[in-house]
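Shared chain: chain A. Partners: chain B in the first complex, chain C in the second.
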Partner chain A sequence: MTGYAAVVAARFRMLLQYRGAALGGLATQTFFGLVRIMILDGFYRASATPPSLGFPQAVGYVWLGQATLALFPWNTDSEIRDQVRKGTVVYELCRPLDLYGLWYARAIAWRSAPTLLRMIPMFAFAAAVLPALGLGDWGLAPPAGVGAGIAWVAATVGALFLSCALTTLAHVGVLATLGADGVPALMATIASLLGGMVIPLPLFPDWAQGLLAALPFSGALDLPARLYVGHIAAADAVWVLAQQLSWTAILVVLGRWLLARQTRRLVVQGG
Partner chain B sequence: MAQIVVENLVKVFRVAERRPGMMGALAGLVRRRHREVRALDGVSFHLDAGELVGYIGPNGAGKSTTVKVLAGILVPDAGRVEVDGRVPWKDRIVHVARIGVVFGQRTQLWWDLPVIESFDLLRDVYRVAPADYRRARDELIELLALAPLLDTPVRQLSLGQRMRCDLAAALLHAPQLLFLDEPTIGLDAVAKLQVRDFVRRLNRERGTTVILTTHDLDDIEALARRVLVIADGRVLSDGSLAELRARVSRERWLTVDVVDDEDAAEIGDADARVIERDGHRVRLAFDPQVVTPAELIARVTRRHAVRDLFVENPPIEAIVARLYEGQA
Partner chain C sequence: MRDALRLYFRYLGISVRAQLQYPGSFAMQAAGQLLVTVIEIVGIVALFDRFGTLRGWTLPQVALLYGVTDITFAIADALARGFSVFSTMVRSGDFDRILLRPRSTILQILGQEITLRRGGRLVQGAAVLGWAAAQGAVAWTPASVAILAAAVVGGACLFMGLFILQATSAFWTVETLEVWNTVTHGGNYASQYPMTIYRRWFRGFFTWVVPLALVSFVPSAAVLGRADASPLAAGLAPLAGVAFLLASLGVWRLGVRRYTSTGS
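Presenting the complex of A and B:
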């Protein structure tokens, strides 16, 4: 296990150094958070029947999504895309480590380090700065209760494992398509839409709710955020964790199987 | 017992063919045409522990493919491969822990990290015991003169510096077998000499088995006692450099510098062939069994005012080029 742990630790340390990227991300995510809240505000004012997710809850949902954007499985690691394109991925196969495990370990560091860097200033902005500016309606309220707060933390950790399984599956897809842009593009669209990054999932029509909850994407943001804002009772956190962990297990098995198939018929770019 | 056994190795790549032009591109959307490339077509050789073998051939001959199969990265379509009694791609993780690999065109160091941190990471990845690691690391740092580079991020290193660091990175876990895939590519003369010196010492002093693929035949001349020549996925020749020369041609070259440029135009001999005439320099090719070097020199110096002359073996490039031609 030490090999994988060393990879996580080294990448984590390295990613923590990217202050510029963190600041840039923070600014962008704040901007998009405000834009999305303004749009939602318009819809909520115009809506005849109020949705089950109240406006303050929807605002909280959006801010949690923006704060944990780096955790959300909507993109792929440019270093892995480069490795596949340039063929440096052969070195990864020269390591006495399992390639899936190595990529999963990299994903853990790549998803968690920037999230930790951005989350706290983001929370400070949404929960303290906005109310201080008199925009309390657009700010992030505290969790629905102590239980909701604890449930959110647990579900966010679950979201990390799930998100890394989805990310690694996408990396396997990148390897299968020799670094083409198709897999990342598809992933960005599908995961953002079905994961609640575009519109909070509770605002989708009722007939879609069962399907959306069953798909893996809801576990990455939607379910944890609903625990936080109290749209799902803290007592039901067990079911959220079960959804996340069972999808993680399925996706890991699928990813490993596809990767094993891929490496058997690997063609190394550039001889 | 042989450390490496390769028998009838075959690797076929299926490559999608692109048809030219807009219509071709559209047709390719509907139906793909595939072409089979036999990168390895029955390669066989044995290697004993402690050997240093040069593996040469033109671009696309199958050199890198062989190395990648031996390193456990690629799975061949047919044939038998054993390294230390293991099948590389079946026992990949155990296998790669005991080999070192350097691909000259790619680096295994982490681009954004200082060199020493890449080394420390490799220690953990290969689970090298701390004492063994310190010994190996300090020795490599000294042998390759890496001390001033250790705190530099890899992206700021020159190619020669990077290659020295990559060599060290491949050897931190003290492998008994080292694959070098074009380790001197793109390096300047000084850096090439450093790399060659290091590889020679590694092989002689530690007995590390080395397989060296290269296009630079000076590498081979400087290092390899045994040369495998491969073209179109087949082994054309396997033996010492001297045997390779003897097999292809006994030819030797006499280079003559004359005092007077006009004189140079007239130099020639019934038993030798003029292969180059450049100003006051003339190069003759001859077969020492037809005319001895002493006799040829005597004839030339009798007729012309010679300033300097020397006899040499044709460069290995010429030999190998002829070997490839013979195949075509």
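Presenting the complex of A and C:
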């Protein structure tokens, strides 16, 4: 266990160095956040029957999504893709750690360090700068209550474990397809759409709501964000955590099983 | 000029043949592109399903905007691929080789690659445009066809101009700055919706600085009968994209002049 903890700690400290990349990402995410909010503003103003998710809640949802984009399971680690393509993944197999655990530990650091770097300036912008510019309607309001705030923090930690299980499963897929672009593209599409990154999930048709909540993707952004804005009562946080942790367990077991099958059949090309 | 064009088409021929060497991989990449862009239209359909209209705009009308923007972005992205990945050329010092050849730098970089897999996005944009047309969003007259064609050409020029500016910035920063994504991908995203829903400062930026509104929104709105612009003015507005491309080429030349190699 200490081996995996050391991997997380070392990768985490390394990734915290990329402050320039975080700054560039911040500008892009702010821009996309503003455009998304203006589009939603246009739709909300015209609507005769307002949806259950109010406009201020939708605004909060969009900002939380932008702030935790690095946490969201929409991409794969380019270093792992390179390892698979070049075959250097065999070095990882030689280490006295099992490959699934190693990749999961890398994912934890890779998802959490950039999120921490980006989240605080993003919150400062959305919660303080926007209202100061007279755009308070588009700002991020504080959590719906103390309970909601605590529930959001807990659910965001749950989202990290779930997101890393999804990410590692995608890395297993990358290994199975020898680094082809198909798995990353599929992951970006499905997770963004079903996870609330394209539009907030409560805005999808009512008949789809049950299915969307049951799928694992909602646990990565949608459920924590809805706890924050008060669209899900803080008392129901237990159910959110149960959803996240049970999916994490299922996805870890599935990923381990698939990876074990893969490594048995793995042929290393010499050269 | 004819000689340059011949060379350009030779470059393109090589690029196309190279990509078709692996037909299976190519087909999967194009399908992947199609899939990635489909989620945007699913989001738009879901929002219309939930809210009904967007400030008086209907789904087929927004679909027309979406189709036009997506087609122009796909064309520009496929043609100007060499500029999107240009920073790696600066970093590795490969740009030196291009400077040594007795041909224009722009011609050589445009000829690096025509990315056929962007065809997936093109097909999707065309399908959405076709659906919008089938819903009767547009009265098909010769004038409206000409205006939409002008929009596609102007839009492709504008996005190519943006990719060239993005590449030019690498002369100063070596790395391409991620900030450019706001005007390229972000601009594409914003112009999938009617410009009138945005705030004045935002519209101003995308009209007078990066004239996206002029190349895609003004002509599309005219074709949809939703703007006061006369057909002639709507047809001429996309010229702003051509002007933008010419200005970008000027900036590119300035950048080339101050280029110093990273190589040792």
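Convention: the second predicted complex is superposed on the first by the 268 of 271 C-alpha atoms of A that agree within 3 Å, B and C clash if a C-alpha of one lies under 4 Å from a C-alpha of the other, contacts with A are read in each partner's own complex, and residues count from 1 in each chain.
In this section, contacts are C-beta pairs under 8 Å (C-beta built on N, C-alpha and C of every residue); 3 or more make two chains touch, one makes a residue touch a chain.
All of these numbers come straight from a predicted model, not from anything done at the bench.
For the composite obtained by superposing both complexes on chain A, the positions of chain B and chain C are free of clash and fit together.
More residues of chain A lie in touch with C than with the remaining chain of the pair chain B and chain C.
By the touch criterion stated above, A:Asp181 is placed in contact with chain C alone, chain B being left untouched. Legend: residue contacts after superposition of the two complexes on their common chain; A:Val7 is shown touching chain B, with no touch to chain C.
Judged by the touch definition given at the top, the superposed model places A:Ile199 against chain C, while chain B stays out of reach. In the superposition on chain A, contact is made by A:Asp98 with chain B only, not with chain C.
Closest C-alpha contact of chain B with chain C, superposed model: 5 Å.
Residues of chain B touching chain A in their complex: 13, 15, 59-60, 64-65, 68, 71-75, 92-94, 96-97, 99, 101, 103, 105-108, 110, 112-113, 117, 121, 124-127.
The residues of chain A lying in touch with chain C in their complex are 21, 24-25, 27-28, 31-32, 34-35, 38-39, 41-48, 51, 180-182, 185-186, 188-189, 192-193, 198-199, 203-205. Considering their complex, residues 25, 28-29, 32-33, 35-36, 38-40, 42-43, 46-47, 49-56, 177-179, 181-182, 186, 189-190, 193, 197-199, 202 of chain C touch chain A. Chain A makes touch with chain B in their complex at residues 2-3, 5-7, 10, 14, 86-88, 90-91, 93-98, 263-268, 270-271.
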